[in-house]
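Multiple structures follow.
Across the two complexes that follow, chain A remains constant while its partner is chain B and subsequently chain C.
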Partner chain A sequence: MVVLAPPPEQHGALRRFFANLRATPARVKDSAFRGGKPDTDRTRSTFVFGNVFLHLHPVRTHRWSLRWTATMGLGIASLAAFLITLITGVLLMFYYKPHPAIAYDSMKDIAFVVPTGNLIRNIHRWAANVMVLTVILHMARAFYTGAYRAPREFNWLIGMGLLVLTLGLSFTGYLLPWDQLAYWAITIGANIAQSPREVTDALGLTETFDIGGLQKLLLLGSDTVGEEALIRFYLLHVMILPLGLVALLSVHFWRIRKDGGLVRPVDADRRLGPVHAADYPVFTEEPRKTYQLAAVVRGKSGAVARGPENTVPSMPHLFYAELAVTMLTIAICVALALVSDAPLKELANPQVPENPAKAPWYFLGLQELVAYSAFMGGVGIPGIVLLGLGLIPYLDREKDGTGEWFGGPGGKELVLQALFVGFGAALAIEAFAIRYGWLREWIPDIPQLWITVFNPGTVLTAIYAAYSIWLVKRHQSTRAGALGLFTCFLCGFVLLTVVGVWFRGPNWDFYWSPSDWPGH
Partner chain B sequence: MSSNDPAKPSRLDPEPVPRRDFLGKASLWAAAATGVFATLGIARLPKAAVLSSPSRKFKVTLPENLPEGQAFVPPGRSVALFRDKEGVHAVSIVCTHLGCIVKPSATGFDCPCHGSRFAADGAVTKGPAPAPLPWRKVTVDGSDCMVDEDASVPPGTKA
Partner chain C sequence: MQANKHLLLWTSLVTLALLVFAAARENVFKEWRRVQSAASGPAGPIDVHLRQVVVPTLAVADRCVTCHVGMAAGEPVVAGDPTLKRHPEVGHDPNVMGCTACHAGQGRATEKAAAHGDVHFWPTPMIPLRYADAGCGGCHTHIAVPTVDRLAAGERAFERNDCLACHKLDGRGGTLRPLGAGGMEGPDLSFVGARAFRADWYDAHLARRTEARGARAESDGEARGGAWDDSFGPLSREDRDALDEFLRSRVGAPKLVLAKATFNSLGCRGCHKIAGIGGDDGPELTLEGAKDPGRIDFMHVRGEHDLAGWLTEHFRSPATLVPGSQMPVLSLSEPQIDLLVRYMLSLRRASVPEAWWPKDRVRAERLGEREFAVDGATLYGSFCAACHGPNGEGMRYPGMPAFPAIGNPDFLAVASDEFLTSTITHGRPGRRMGAWGESSGGLRASEIATVVAHLRSLGGVALEPDARAPRWVRGDAAEGARLYAADCMQCHGAKGEGGEGPALANAALLANATDTYLFETIRRGRRGTTMLGFAQPSTVRPSLADPEIESIVTFLRSWENQP
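Right, the complex of A and B next:
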């Protein structure tokens, strides 16, 4: 090879070396952030699409999406709560040991020996609770604004998957402390998994087709809640479910963008009125050349034929809003963690059940139903609810009211009426069952199948379904029926949860207040 | 020329299955088969051939002065033993609803978790329990009793 470069100067190489050394910090920064300061429309765009973590966002965001009432920040709050549990969870893994002999001791260590251990555990616990709450509220928001409608049907299904994974994460985390609360909640949970036996026993099929027994065996890895169960729950809690959640989350965010951004009414632009250039710099610089982000998207795209007039750069408008919601979520979790300790009861004792043995609050509605029929409360009715939720976007193909709170035929009045029906029916059936008992008390020899099919939970579900069908006929609209049904189930969930949390005492008997509980 | 000979196909003739198609299809089928076999293998793993549960057969000596109708629960076991004139019998104290440990009471058994009540012979009298408490197999050998928690006997069987 012939070297064509001129011979180096006597001292030039060393000078250049030091010049490069001096320039290195600036060059490292330039090479990491190629776009430069996000102070023009162009650099704000590259700030978004040039960053692997931000590029799930659109470069420009519609002004409607930034209104507080459009989303209330519930999705971002759920994500923030998840990130908090992720970070605090990894920290807890430094000390937690998943074996029955030492799990409880390691919890005690975290609470009393590890610096900040108790605070980290409290934040983890509270962030998990906040996440369940915000995920449910986020789902309600998406439902009431009609965000599940085409082209966003599939993202609604992904969201349901995320709800199930969130509840699964909470449930598996509940066993890990290996205290009385954990042990008996998981015993009950595992037996709910086994509850299809209630039906197969009644039909005489258990010998040949024991799906319930298999489910329990797979969950516990043994007949009883022991070391196999603990390591399985641990594996699910720290690895399998979080990985699944992250995978679904990525699809969820990606689809928001691909489905045309957040839902908004068709006349959103008109309602927002003209843009004040001072408030929302739409084009901050005279474009020297025409550039745009164009993508050819197959199928129906919500983003075509919309001008940029009502959009603003995501950086800073969207990102600052997201950051604000994130910081607020962190503040709430830390504040709760400072004032309220995560519970840790006595060491698990397989001989003496906790009395009452209560699941975490978001499962107490189900536990209330389970106290009537294990199979219907734990498997049947949740299955029906999930199926119904999944079908909604494919049955409601209407357009009216998309992007509006409680939009669609009937609107707010219908939801208000459904609130009364939902609460009223749940209250009536609970009061009746608490006051007069149910079939087993009236006819002791009644076959179990009767109770499985006909119990307060199934009666309530049937009332809600009938009401919803009546709404479809009355308003000639599937959306009206869906509005009624969703509101009713939300009411039922809230009421049963309240009864389970505050009005159930030892032996799952009804008490007006915990101060009335008998000493035991 | 060999290409004019109909019996001898030339390599210039179109192949019955083009090579690219063959490779593509072969990879697809290989991937599908691998997926099926891997899934089946993975699905077998979580169910061990031998479970780690402790033995549920045990020997116990009933207290001399155990009154008739009074339950005796051996420590760490989930059966209640009774002795009367007809002999000894054992009733499971695991609730048939959701697996809580029921408490012997004046009328039979009470479950603390969801309020199921059972009569002294294990029959359900109240609450969500779908089935009666099963009776377990007891064999009496002198003053000792052998109890097998895995073997059920019809209610009323006493040893």
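Right, the complex of A and C next:
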């Protein structure tokens, strides 16, 4: 048994207590920063290194990475857009009720009576679209600067995962308003998920092996879009997909650091030139620690036997850049939210199909392909595209041009040519199919399998592939082929999406303008 | 870093400015805030906040009262914009039923255009105020509405017999103050049909008159009942019946009742079904007033681009708005069109919980009472008049075969009641005449019998007794064929398929018609129609002898067994 001795000086203890109380605010502040207040280069570095939120950043950042043209800030913009949707999304969750009977009413309440509800919803919707856009552009940036190359191959794959999750998040959010737009867009989306049935039907396998039907059933929880689908989409939208995205994001950031920071040309130091006097002093303090573990790190180890690097402390240089991009993204989203309201059509009505029923804009390219062949548009071509994108870093093992925009054999001229080829081919195929129809119009009873194999989508894919192979041979470089193929893919995506968004009307017929639609 | 700092500074300032703008728009410049701040109650400016009427069982959350403050529960009389005034006195309190239950529109909205539904993607915009009573149709069924003529007869009786002296009706009358003494006003009868009235009102009135006479005699020796004598006297049976019918129709919506009566008089149900009763030639109209204007093509509509505007234009010229429409141009007057539009807009029966049903709807949907009166004139007017003419004189519409004149005495003299009943019940498959039996057109046997009786009264002719068997004719079919080709084919078609005259190669007709019917129709013809009798020669063809007519009948019979 421990006997507590009476405190020796009672008044002294009280005095100490009050002294401690007075000192508490200062001590809280001190204790918050593990290495002391970040007011010198050294303490700032320790701060970045020791802070759980900041430690994904390197302590120092290469000057090349801070140039606006190096990344255009697209990755940070995507992250900022994600954070905006996260915050506004949580706010919306306070009022949104995921049940068909009241979902639409709760949307109307958000639009009309919840204080700032409409603005929050608009910001959420615009941030989601900005996110889709910046993620795609970010991928293009990573591709064109050769950032996918070793040692960053795996992060490229993670990035593709993030793209898929981003599209998934946007798509699942699309259903929640439970209006006609949502209902029929998701119906279209679910039918795209069901598209393997086209092939199983043609092969007579649907009875035994209905993978398309199963996919749709998994997605909707039922044959049609109903309350099961709504709760599924809600759960995916507010929990499963965001958690998955955060997890993958962490890996993505982590790998940026572990793979040696952002990509830059080998001669970046030379091209940056000497440090300007106005610039923050670079690498001013000698390292305080030696890293014993550096011995087990693969590849070249840190700064051993090298002079001052061309780096600046991440705090504040990198942080200002990141904050500026974040703020720019917020400003853009808020401005768009004030200018344009998120759509909310009439209550979902399974009896009255929208005509045309259109999927969300980023899937309209696919829907355009689905119009020709459900399987190829819904599964085949997206599968080929994802596979191709995933293979690029493992096939392109070259070094030439890494870190440079359009670097590699062929360079800018090749990309320009590929733009012409990509747009030209897509435009020609679309124009032909719109003007003259396709196999079904010429031979009404042709087996569907023929169309599945041979349709505008597959023809376009084949043209792009052939062009890319030709580039590989011509430039004797896989990078050249990849540059061509990726550019063509972007062209095809943009053109098909544009056609789907603006030039397709009722029954997916071609119209120059919505004002030509019948009945309007 | 300087560039980034600048970017951060300016984007932050822009964001801040945008948010300040948004906050001001949200908190200061909202339309309803301006409306409410401009209002003042008895105790000065009113409290500015969102107001709403919530009726959970009707799924109503109506924020209309946010602007129309004077209509909200417990609000004082507010002065200012007309928007703020009280709701006019109607049968219902807006705070019990909400606003959208009657007026439609978007109750959850708080901005004018959105709330009134004048926006894209709101399928049920507000009913235009001039047709406001069409909103009653959401719940009410207004049963037993007679024809326009019957209604007008009732109104005439009401006015001619000076009822307006003591009674108020639809905002008129009730002005009499006999001998300046006042206090003689009778009850307001505007809603009497909805609330029911005593069946013995006439006897009660007579008794009151006698009583008044007695009182006067006692006081000043004159045996006159004063105002009771001036304004009330014995009424004929006919007037009393008309008054009863008229009073039953006084449900606080005189224009809507007149609109429905107009619909019932024009025979629209001959082609259009409402709530399962009517013909199949035109589209069903049960929910015509609930049509989504977003799905209507307004290209050829000259007036307002709303449902009322579309309907108005459609009644003027159906085929202009609906390509290929079968609906004839009815040559209606503008007031008639306005009434029909009103009735169409009222066809918006909503799914209301049964506990909220008014008694007329219960009577119609649960007890099977009719929305139209079931006397012969109304039934004939509702179902037959459009094709067969208001008086059975037949109709001709451009581009359609002529419709038979079924009020024709020559027809009624040979058409038995069984023939008429069977024809109405089963129709003429293959011709325009549809089946009206309960399983198809929706008329009950008793109602069909009423229509048959009404037909008889139209022609004023009884069936001529005929002792012969239904199939007594024994003629020469070959001779009949020759005569048919010479004399009948031009109008009735080479194979009896019809043309100017009705189709004769019709299984239902031949099965129902007796030989006498066919024989006499050929012999006498139908006066007043293009079918002239063949007993008399005309300028263009010789007469036919009875055996020749019999041969034709025999020939017609040869079509009976053809598919």
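Basically, the second predicted complex is superposed on the first by the 482 of 520 C-alpha atoms of A that agree within 3 Å, B and C clash if a C-alpha of one lies under 4 Å from a C-alpha of the other, contacts with A are read in each partner's own complex, and residues count from 1 in each chain.
In this section, a residue touches a chain if its C-beta (ideal position, glycine included) is under 8 Å from a C-beta of that chain, and two chains touch if they have at least 3 such contacts.
All figures in this text were calculated on a predicted structure; none of them were measured in a lab.
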| item | value |
| --- | --- |
| First (chain B), second (chain C), both or neither touched by A:184 | first |
| Partner chain in contact with A:91 - chain B first, chain C second, else both or neither | neither |
| Touching partner for A:109 - first (chain B), second (chain C), both, neither | second |
| Contacts of A:425 with chain B and chain C, given as first, second, both or neither | neither |
| Which superposed partner A:74 touches (first chain B, second chain C, both, neither) | neither |
| Touching partner for A:495 - first (chain B), second (chain C), both, neither | neither |
| Overlapping contact positions on chain A, where the chain C interface meets the chain B interface | 352 |
| Interfacial residue positions of chain A with respect to chain C in the complex | 66, 68, 105, 108-109, 111-113, 115-116, 119, 179-180, 278-280, 316-317, 320-321, 323-325, 327-328, 330-331, 334-335, 338, 344-347, 352, 519-520 |
| Contact footprint of chain A on chain B as seen in their complex | 46-48, 51-53, 75-76, 78, 97-101, 110-115, 123-128, 130-131 |
| Residue numbers on chain A that touch chain B, as the complex places them | 184, 187-188, 190-192, 195, 198, 201-202, 214, 217-218, 221-224, 226-228, 232, 350-357, 367, 370-374, 437, 440-441, 444, 448, 451-452, 506-509 |
| Contact footprint of chain A on chain C as seen in their complex | 1-5, 7-8, 11-12, 14-15, 18-19, 21-23, 26, 50, 59, 61, 63, 106, 108-111, 114, 120-123, 292, 294-295, 297 |
